[in-house]
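Which chain is which? They are A, B, C and D, in the order written, and residues in each are numbered from 1.
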Amino acid sequence: MAETPHQHGYMHRKDDYLTRLRRIEGQARGLQRMVEEEKYCIDILTQISAVTKALESVALGLLNEHLSHCVIDAASVGGAEAEVKLKEATDAIARLVRS
Amino acid sequence: MAETPHQHGYMHRKDDYLTRLRRIEGQARGLQRMVEEEKYCIDILTQISAVTKALESVALGLLNEHLSHCVIDAASVGGAEAEVKLKEATDAIARLVRS
Amino acid sequence: MAETPHQHGYMHRKDDYLTRLRRIEGQARGLQRMVEEEKYCIDILTQISAVTKALESVALGLLNEHLSHCVIDAASVGGAEAEVKLKEATDAIARLVRS
Amino acid sequence: MAETPHQHGYMHRKDDYLTRLRRIEGQARGLQRMVEEEKYCIDILTQISAVTKALESVALGLLNEHLSHCVIDAASVGGAEAEVKLKEATDAIARLVRS
């Protein structure tokens, strides 16, 4: 995993992301309870769609901040670094669209 | 949450689903660590796509078992129950496709 | 392409599907015009999302009818045919979820 | 539809996009023929997934070019224009992820 020295775009909302990810962890635990308690398949599927939506919204938030900080900062410097950042961003978008 | 007396389709693979959901819970915790440790946005996004795929695969498994047990059983009885089960299944599929 | 003698589930709504698919074809032509006329990228992307949604809705309709006719009919007969139909349906659902 | 004077990112690949969109139009016509000829539901669903994937790939291409030209150009100017471009891009990404 590339560790870059500069401030990541999401830093100013770090606590918000941690809160949302903790909630998602709790939802994942809740899914286990539903299976343990042999709940109805459709209710479990409904809950999985909710967790997927929550993850999607975290991802879109991180992507937005990555574009508006990391990519834009690199663009102002220009050259290879900007191209690397853009390629990383569009690959991440493709993975999101296809997941 | 509707609790039906009959055996849910996923029962024979209950342990497998629990193992997979525990792994997803661990991945959700891992995402928190990445944010805590201020990892690079793209690496977090890559991990979110992996968790989304894992959830998707659990959902498709549950849906498959729901169709081949709950829906098919209801179809053999016929009447309103079969229609309810089908409607529930197609609504769940729509939520999955759109999440 | 497997051609089965029985009536497909969508037959009673054939004209509706043809109307919707004709509209989608028109939208695809409209996208070409937008590129020809060098419209703004974001406006073209907005239109692509609309066409994707329209296709998704046609697919969910066809899937619903396939489940409630082809799969249920096969289930009432039981045996290998029912399993083939179910497998086809769940594979089609997986492709839809992942496209 | 906002018409901006500057060169859109996709201009240098305009013909490629037109070729791909013409193919998608042809596929949409092909779907109509499949319904006209009462083809098997699963085969039509398979074809719809293929058209959706083709649209997705056009969208990701346009988005990539929009980011690397329109957004980056605006970022080099900075100020409100850059923010508008970024907001448009992230909204378009959200629509793509959710369609």
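We take it that contacts are C-beta pairs under 8 Å (C-beta built on N, C-alpha and C of every residue); 3 or more make two chains touch, one makes a residue touch a chain.
Protein names from UniProt, one per chain: A, B, C, D = Metal-sensitive transcriptional regulator.
All of these numbers come straight from a predicted model, not from anything done at the bench.
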Legend entry - Joint neighbours of chain D and chain B, given as chain labels: A, C
Legend entry - Of all other chains, the one whose Cα centre sits farthest from chain C: A
Legend entry - Inter-chain centre distance, chain A versus chain B - centres from mean C-alpha coordinates, in Å: 19
Legend entry - chain B and chain C, separation of their C-alpha mean positions in angstrom: 22
Legend entry - chain A residues counted as touching two or more neighbouring chains: 56, 59, 63, 89, 96, 98
Inset, instruction - Note which residues of chain C are touching chain B in the complex, please. - result: 56, 59-60, 63-64, 67-68, 71-72, 75-76, 82-83, 86, 89-90, 93-94, 96-98
Legend entry - In the complex with chain B, residue positions of chain A that touch it: 1-4, 8-11, 14, 17-18, 21-22, 24-25, 28-29, 31-32, 35-36, 38-46, 48-49, 51-53, 55-56, 58-59, 62-63, 65-66, 70, 88-89, 92, 95-96, 99
